[in-house]
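Heads up, the next two complexes both have subunit A, just with different partners, subunit B and then subunit C.
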Partner chain A sequence: MTVNPPAKWGLRTLAFGYLGLLLLAPVGMIFYKTFESGIGPPVEAMTSPDAVHAIWLTLLMVAVAVPLNTVFGVGCALLLVRHRWKGNALIDAVINLPFAISPVVIGLSLFLLYGTDGWFGPTLAGWGIQVLFSTPGMILASVFVSLPFVVRETVPVLQEIGTEQEQAASTLGANAWQTFWRVTLPAIRWGVAYGVVLTTARVLGEFGAVTIVSGQISGKTETLPLFVGKAFEQFDEGAAYAGAIVLALLALTTLLLMSVGGRKTKAQTNGPIPVTGAVAVSTTKENS
Partner chain B sequence: MGISVEGACKRFGDFQALDNVSIDVPDGSLTALLGPSGSGKSTLLRAIAGLEELDAGQVAINGQDATAKPAQKRGVGFVFQHYAAFKHMTVLGNVGFGLRIRKWRKPEVEERVHELLRLVQLDGLADRYPDQLSGGQRQRMALARALAVEPQVLLLDEPFGALDAKVRKDLRAWLRRLHDEMHVTTIFVTHDQEEAMDVAEQLVVMNEGRVEQSGTASDLYEHPANEFVMSFVGEVNRLGEHFVRPHDMDVVLDADERTEQALVQRIVSLGFEIRVEFVLSDGTEVWAQLTRAELQKLELTEGQIVYLRPGQTKSFSGDSPPPDGDGASTPRDRQGNGDAEVTAAA
Partner chain C sequence: MEGSPATLAAPPRVGIRLPWVGAGLGRGMVTLYLSVIVLLPLAAVVAKSTEGGAGAFWDAVTGSESLAALKLTVVASLIVVAINAVFGTVIAWVMVRDEFRGKSLVNALIDLPFALPTIVAGLTLLTLYGSESPLGVNVAFTRMAVVLALAFVTLPFVARAVQPLLMEMDREMEEAATSLGASGFTVFRRIIFPNLLPGILAGVMLAFARALGEFGSLILISGNIPFKTEVSSVFIRSQIESGNVSGAAAVSVVLLAISLLMLVAVTVLGRWSRGGKGGAFSSAIDRLVGLGGPSGGP
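Our next item is the complex of A and B:
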């Protein structure tokens, strides 16, 4: 399809205008507001014990939920793509639940399950494990909401690479484990990486489900998004903006990694970027 | 020794891919599995490699039962039609893969890989990625990768199927020479009868999951066991119950008791060989293969009425491929059996 120049510029302006109005303007405003009176106030706001704890707890969520969902996600994708059976359709549907259900509902369901009257709550309490209003519950909530990303990103890549490379590896003497590490994983690595980045972004920003299960105890069960929310409610706008900036920076780092990974995915679907000259030489050599 | 398959059966849903197939591949030979698509030839090859589990039957490699062994323990080298190159590894990584799995040390792997790359004429390309190679080079890399682990048998699944005609022909000749040097028992699958006859010592013709006949190229061409083999191995005309090769069609200008009237429909020059297409009085279309000299002598023109005298014809009792009686007969039993009746023209 060819688009004439005026229409092309029109479309570009529209795209940029839309993005600018909806994304760049609000984010820009936060930056502006935060640093309105210099770098001092936001730094001070972010070095308070509660803020430091919130940052630490947020990173802990990422550190636990992301590896868990990555291992589960890759395993589940392998199961869905490589071992066809009737139950797959059900698994596939269940994995999408966190996408379909509002995070608040997820939080409530965890509350019901692990609360003092819940199914698991009393038993776990008997063993001295408190899930609600503490870190385990928050991790559960984070894992739940961010569960589908790695699976969803890995499944299509697995389908695309097919099974021949894996079969070739097995005829060359590799067992299932060796085949996975040396052939399958390198071949799907960008799909997995993309899923990991999306998972990270989701866990970083999770508010709804975590709000319900955490109880929002400052300096104890408060992640960065909760810290920002609470500061905003208490008219501590300085702290709210500063927290938002830190969150935005963390998310930005993730997005940056994603776009670097994304660009490499395009160029490296089949290995490194081919050198045009080298390809030309190899074709001519073939005919000699 | 070599490879032997006994009573192999494999079903995919409603499709019977292998129906009681038995073959014997002599040690050190180069054998082609020839057949149309869906004939079961690839399934049989994959079953020998352990990439497909048989519903019934046995596979023995060099006298040892391999039926229950997984692919990784069968000691086979397998080459795929679409190369199955490890795209994230260099040529060195690809070819050395099996050796690294066998815990060879790096310098030894490199030495062996370079040796193999010289053998497949890819020296100097060890640091390239598969994407930087042409199709023919990728397939030779795949072959080197399969040979690296010194397999007991080499299995090639339509190895030249994805390559263009010229490269294919070169690689064929090259595979032939390579086999003469290495003497690894080799089976390769193809649907191209010319390729099979060109490269292989022994051909196994398959159709609808069964072996129709096996033997040397000239055996199959001159003594086809049935209609299927006759028409699959070489060109054929059908005249009622009789089959005749286009080069056994004599074109004459005068009628006698053994000739049939025909209209010259089209004359196609294929270089030295001329293809002349006819329509008989009953509407049957046949063609004859003539040399340029023969054509000039006859002075044929399109639209002319001539007479055809079929030379050597064949007919097969019963309809198409005779059913496999007891199912246990080896393909060799079928070769040149009484079903075929040869009539030589005086």
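Our next item is the complex of A and C:
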């Protein structure tokens, strides 16, 4: 349908107006608010002991949850795609569960398991391990909410690349481990990388689940999103805006990586099987 | 392939098996991981909600504050998905059929609600539409604020679900209709809209599920006033904090059930349209399920 010029401009105005008022203007506004009185105050707010600890703790969440879910994600994707099994449909459905659940409910679920009256809480407390209101509980919450991304992004790429190259590698004498590292992983790397970006973004920004299990103890169990929420509620708007800017910049980086990653995965799945795989096979052969 | 010399030379195999662990061990590990991380915690919620029997469950869900929160959550979510169904379709249209400078930038911007932490989303909306609004629009602590925040976090769903369908659409149909004398509106109503409907529906269902469980973006801007601006997720938190954990679990189970229903419906819709439509739509839906099911988006 060729739209006549007035209609075209009308649609454009609607689309840009909505995006502008809902997304662009508020985000622009928070940048303005933060740097209203120069770069000094936000830098100062972000170098306070509580803020530094919050940043450090947020990075710790990423450092634990992302590798865990990446190893799980790639392994699980291999199982789902390459090993037919009756239980696969069930595993597939369970992987989507974290998407179907409110973050607060996820927090509650961990509260019920690891709280003082919880299923595991008392036993673990007997061993001297405190999960709730401390780092392990927050890590569990982060792992829960970000579990599906790597699996979801790896499965389609794995389906797309097929098995010919892997078969070639194994007939040339590569063992399963060599085939995985030299052929499969290079071929699925963009899909995995995209999943890792999404996982990281989710862990960095998680608020609802972590807020329930952390107890929000400043300088102890407070991640950056919790720091932002608390600072705002305590009328320390400067610190809240500064923290929000750090998170917003990370989100914009994610966005950039997402649009690059999305394009790469698309190019990879639509195009011919990458050459790197073939090169890897020949090296494997020489080495073995 | 079966007859190729290479396959004859080595024992036939179907692609790579999991290296160094057998499939059985792999399955065991995946099941264990999923059980510890996801299934056991959820089982604890369901068990807690039914602790006092069906009567206590019903009382907890239909308590006046709980019911008010559920009503607000469902009604606000319905309003928001209706708004985003219209604007999402318009945005998708502009992104696919219109040409302008900076298009790829705007296209990337649409995903911003998926990438931005929810607490930051709430804070940004509050700076522009709060008490110090430079536009003079103050919606803080009203039901309008709930709608605004939910509209923000669910914005990408319909747009992203409709986009691939628009790209795949055969333009000859529209041209034929136009040449036969159909007006622009008739072409939209009779040809374009029916083709986009699966995308709009899928986007709406995912957005609805996401809106139901939303928490972080609402906490600052809604004011969390019981009977007025308190949504179910906020109600659940307040119940946990005041020690009524089984009440919190009961409302959680209701939210969980509605969201799961949406997820199943979208999966069925995706599978159904996989037959006729190309793969781009179903993969977009897979991706959307992945990106931002209810709790998705940081």
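The rule is simple: the second predicted complex is superposed on the first by the 238 of 288 C-alpha atoms of A that agree within 3 Å, B and C clash if a C-alpha of one lies under 4 Å from a C-alpha of the other, contacts with A are read in each partner's own complex, and residues count from 1 in each chain.
Just so we're on the same page, a residue touches a chain if its C-beta (ideal position, glycine included) is under 8 Å from a C-beta of that chain, and two chains touch if they have at least 3 such contacts.
Since this is a predicted model, take the numbers as computed values, not measurements.
Once chain A of one complex is fitted onto chain A of the other, the partner contacts of A:Q167 extend to both subunit B and subunit C. Once the two complexes are laid over each other on the shared chain, residue contacts for A:F35 go to neither subunit B nor subunit C. In the superposed model, A:A187 lies in contact with subunit B only, and not with subunit C.
Annotation for subunit A, partner touching more residues between subunit B and subunit C: C.
In the superposition on chain A, A:V105 makes contact with subunit C only, while subunit B stays out of contact range.
On subunit A, the patch touched by subunit B and the patch touched by subunit C overlap at residues 164, 167-168, 170-171, 175, 183. Per the touch definition, subunit A reaches subunit C in the complex via residues 1-4, 7-8, 11-12, 14-16, 18-19, 22-27, 29-30, 33, 72, 75-76, 78-79, 82-83, 85, 87, 91, 94-113, 118-119, 140, 143-145, 147-149, 152-153, 156, 162-164, 166-168, 170-171, 175-177, 179-181, 183-184, 198, 201-209, 211-212, 225-226, 228-229, 232-233, 240-241, 244, 247-248, 251-252, 254-256, 258-259. Contacts from subunit C toward subunit A in the complex involve residues 1, 6-7, 9-10, 13-20, 23, 26-27, 29-31, 33-34, 37-42, 44-45, 47-48, 87, 90-91, 93-95, 97-98, 100, 104, 106-113, 115-120, 123-125, 127-129, 134, 148, 151-152, 155, 171, 174, 178, 184, 187-188, 191-192, 209, 212-216, 219-220, 232-234, 236-237, 240, 245, 248-249, 252, 255-256, 259-260, 262-263, 283, 286-287, 289-298.
Here subunit B touches subunit A in the complex through residues 49-51, 70-74, 76-78, 80, 82, 84-89, 97-98, 101-102, 125, 128-137, 142, 145-146, 148-149, 166-167, going by the rule given at the top.
Residues 164-165, 167-175, 178, 182-183, 186-187, 189, 270-272, 274-275, 278-279, 282-283, 285-287 of subunit A are the ones touching subunit B in the complex.
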